[in-house]
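What follows are several structures.
Next come two complexes built around chain A: one with chain B, the other with chain C.
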Partner chain A sequence: MKFPSPSSADAVVALNNVTRKFGAKTVLNGVSLYVPRGSVFGLVGENGAGKTTLIKHILGLLRAEGGTVRVFDMDPVRSPVETLGRIGYLSEQPDLPGWMRVDELLRYSQAFYPRWDAAYAEDMRAKFGLNPAQRIKTLSKGQQAKAGLLIAQAHRPELLLLDEPSSGLDPLVRRDILEAVIRTVADEGRTVFFSSHLLEEIERVSDHIAMLHHGKLAWCGPLDEIKAQHRFFTLRFADAQATPPVLAGARCFSGLGREWSVIGNGHRQELPLSAAAAGAEIVAERAPSLHEIFVAYAGGSGA
Partner chain B sequence: MKSPALALIWEIRRRGARLAWGVLGIITACAMLSHLASNKTYVLARFEAVDWLLMVASMFLTFGIFHFVEAAPGRNWHGFPQRLFAMPVSTVTLVACPMILSLAAVEVVYGAWAKLVFAPLGRTVSIWPAAVLGVGILCYQSIIWSLAGYRITRVLALALMGLVLANVAALPLLAEISVWPKQTVFRAGSISLALLAITAVATAWLAVERQRHGGGRGQGRIWGLLARAADALPRRRRPFATAASAQFWHDWRRGGTIMPSCAAAVLFLICAPLSWLMRADPQATLWTAGWVLALPFLLSATVGIGFIKPEFWSAEMGITPFLAIRPISSGTLVMSKMKVAAASVAATWILTLGFLAAYLSLWANPKELRVGWTFLSQYYSPFDLMAMMTLAIALAPILQWRMMAAGLWVGLSGNGRLFVGAIIMRMAGLVFLVWGAAWFGNLFWTHLDQVIHHAGALALCLLFLAALKFALAAWSWRSLAVRRARNYLGLWWLATLGFAGFVFLLNPSYPPVKTLLALLAFLIVPLARIGLAPAFLDKNRHR
Partner chain C sequence: MQIHISATDGVPIYMQIVRQVKQLAATGRLAPGEEIPPIRALAETLVVNPNTVARAYLELERAGIVTKRQGSGTYLSAAPSPLSRREKLKALAERADALLVEAGHLDVALEDVVTLVRERAASFQTIAKK
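This part shows the complex of A and B:
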């Protein structure tokens, strides 16, 4: 798979061959990734694939053991003040201080960001229905996510980092988060980088996408290109197959007997030829959904 | 596992395996030493105190094994593991398993000490403390489970329980001096212990049963009232001028108010009523004044342990992502902690000195104080005495601040082992200081000539330490802002000169001692360790 690598001037985030181990386990293994300015970049991967670790490297919360991390062309570990001041971050569990009240959280956060837009923050607070006098620990999970989103967005960050922001949240909160993504993109030149398990969401709003699998980048690029590179084939064999057939260029099989479904691994021409050589006939072909591509890489077999 | 009880026992065994090995190791080592030295009386005399100390340590470890609690993330809850509530097991089984096991373990440990360590030394150990310890562990578990949502109340209840049981453990001594027959004292004591044990078990069962059905989650009526009162108080509504001021507010709210609150509680709930009851006794005035003046130091020795961590109330050593992603430098974060420590110390001393002023002028019997003042007046002029008092009032908070801030580099490092090691070193240092002071105090007067003879060597040691401190400071401050380093260095010199001035005023009769104390003044206020804190916080922030 070919990974695009725009010049560092165009990339808000540039990871080059980043490696990170926790004990004996390699969580990130030579990951190189570039996030173009103004893009909505979706990161997918199964649990434990290394998504949160990667995001923590972008924030500078983790130091790369190998390779380099550049955010706004700076090292986030060496220049935390300069990089973090331009980033808005929301994680799955926002870990907001429970003892603070909503208005205290806003005032406290405001002090760190010179570009804090108080009117915008107040507008969002009212829209989210957050009571300013209420303590954070008494808010529901959804309300806490909204409070987290509010402080991540109110300083109009150049890069909005969302780490599985909608996990375990109801559709209404998920909608608010997606609207926030759209709002950020509407501001010219701003970038969104978010990881999620909800592939429909990613598919809906992302223009660039990457997949981590066991700490390695499985694929990365513009969403349209990724989808165009993969094809979903339905094959019919002359005889029933007891085990999934081995075909060059195929990532994932499902089926039984004579009829099998296959996802091509990005080399469009290769699979039809190998299928023909194996005595199979292509009875249907279509563009796969992101979900199907994800399953093909995360949980599928194939060559 | 064949039964839920066995599964619970297995879990407790797995959780406490390290501590259990520790207990076993201590007892084995002491037992071997006791057997080796069983016929050498001069060795025994030295070992016995250590044995008693280690026995207490092993009991603490045993209590630690049965500290069967878990925290509920994101909630003010640290009690019986809630995940077990969903198991198809009766509450009686859930509670009885750890309680019976802990009772048996405490008795076995005590028995091992009696038979394997003390018996070879020819000492017969009374059975009475075994009974008290047994009831102690039941009460301990009952308190930690019942007061799961009440952190401070739980600490107070545990302290009270310890105090009561320590007195009950001393019953054999009481029986000797009591006007009642020995048997009656022991019978009353035994009945009380039995009732206490039954109450502890019943309370634990009722509390866990209630928690299992949604009750006893803290935030009770009192806390509700307190929360409402807090809501009614005026709050800051202005925005913060700078990020540093916002961080100061955050740190003050999380850790700054604890020490003044504890000081206020001790002064007004314990010292005030006790001093009022003993107001006629002139000796009590000296004791009360002494303890009140020692209170800030005792508090910073304990509260300081939590204060140096990123989050006072959390067992986590790592800095929270919420704080780690604030766009401010680690130096500013450390500076904020240092300022909060200073504000906390200032508030504590205002309370302490305010209480002392009120006490001495309103209800204390100052006879003994006057005697002391007259005694000091023989050696110092009134001007020197006033100057020393003024300096002492100014330097005591600095000394207390030092106890709070010097360990920041350890607490903010995020390294749990380093933190625990530093706490152990601090405790050992305190014990050594008390023991060493007593030992050296005797030696000083009996071997004064030798002390003076070796003063040169001691001075060289102190000089070497001071040079090491400056070298480390130059290295640790190299990457910090010049302005910040200059400001702190100015304060450092001011405080150090204050300590040196105090030594000058104290004017010990022997010039070598004066030199030693003056050199010591250069080691009191931290310099290198303050410079290390931002670098260690950086490691925690960017792991």
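This part shows the complex of A and C:
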């Protein structure tokens, strides 16, 4: 079996220097990113980093104030029908009509999508254990998320767009959502773009990642490259440090007294030199987890 | 084939799959010639990106642990791995270092570590015979 290599493929979503302000607050600041066809693209960032705003630009719900947004090489604001028809979207809180029954919701949603696959929808309904006669408003939060996921997927969209899909859900429902992501990308090289603050999930299923921090991209690229560009070091200083030490080539994120953990950037030589200059010894070095890289950028100090 | 993935310790996921398949092969939990799951099935079971599983299988194939048969799946190799003895020892040296560092911290003597390794090897053979 062959899966398409994202590096050689064209971009399903292309953001070029996108800027957006809400009042005086700059929510997106010069964001450029490309989502390769056939990739699972994970977007991470703290609450309020601009993830949902970015996703609304891809959906054409917001117009870029600066820069350009292209989805399937079209402007999603000018061509909403052509782009939205090829996207499956699940938001953090799916806005489903509560008075409908599950079977009514399926028939209603089917009308919007010419490429709706009724057999596939029925498969998922059975797998998710959704009772066709039950009213949406009486479904649990997890079941509502599954119903939202079913609708997002049943027309086999080229791009599955998930905004914090696992937020507040139990591990079993989260697993169903992640399995849907895997199935989507394993099927005919369709593309998934999803935001999450569950870094373990992102690391498992993504092959491309980007981190938004205060509206700017902290980093963006293939997961392997992002991980290879960072190293986790434990430094031991000659004297106890009262505040996180600032070292060239590294971001410090935790520590106490003489021992501090830092994430070093790709320049292998820079941190050992600056550590030596600060009178610190490297006592351990290893590959960092995505979580550690994230914390170093979100809360750490340094350059 | 039981594999456990952890995304918290920094070890790349494809490497975790490679190591665990090697371990299952070494302990006899996977028998020579036995079929291993298709990429997509394992990706869905482990909830990891299919490309990650594909990469792990490629590494295992290069190392001679598994063999791909055209159009019919991937199987544990019948022949022993073609790695040279030197390469094998080099691959193990890092793990041995980690063990010795840990033993040093816990103040366990070298002879006791060697005895422990022998005991573990004996229990591996017991599992393999079952």
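Operating definition for what follows: the second predicted complex is superposed on the first by the 291 of 303 C-alpha atoms of A that agree within 3 Å, B and C clash if a C-alpha of one lies under 4 Å from a C-alpha of the other, contacts with A are read in each partner's own complex, and residues count from 1 in each chain.
As a working rule, contacts are C-beta pairs under 8 Å (C-beta built on N, C-alpha and C of every residue); 3 or more make two chains touch, one makes a residue touch a chain.
Since this is a predicted model, take the numbers as computed values, not measurements.
Once chain A is used to superpose the two complexes, chain B occupies space next to chain C without a clash.
In the superposition on chain A, contact is made by A:Pro80 with chain B only, not with chain C.
Of the two partner chains placed around the shared chain by superposition, chain C is the only one that A:Glu179 touches, whereas chain B remains out of contact. In the superposition on chain A, contact is made by A:Gln110 with chain B only, not with chain C. Looking at the shared chain after the overlay, A:Val40 reaches chain C, while chain B stays out of its contact range. The superposition-derived angle at chain A (between chain B and chain C) is 150°, Cα centres, a multiple of 10.
In the superposed pair of complexes, A:Asp95 makes contact with chain B only, with no contact to chain C. Contacts of A:Glu292 after superposition: chain C is touched, whereas chain B is not reached.
In the superposed model, A:Leu62 lies in contact with chain B only, and not with chain C.
Closest CA pair between chain B and chain C after superposition: 28 Å apart. Residue overlap on chain A between the chain B contacts of one complex and the chain C contacts of the other is empty. Against chain C, the residues of chain A that register as touching in their complex are 1, 3, 5-6, 40, 175, 178-179, 182-183, 185-186, 199-201, 203-207, 224, 227, 232, 286-292.
Across the complex, chain C meets chain A through its residues 5, 7-13, 38-40, 43-44, 46-52, 54. By the touch rule above, chain A contacts chain B in their complex via residues 59-63, 77, 80-85, 87, 89, 91, 94-99, 101, 103-104, 107-108, 110-113, 133, 137. Chain B meets chain A in the complex at residues 74-75, 231, 235-243, 245-247, 249-250, 253-254, 320-322, 324-330, 541-543.
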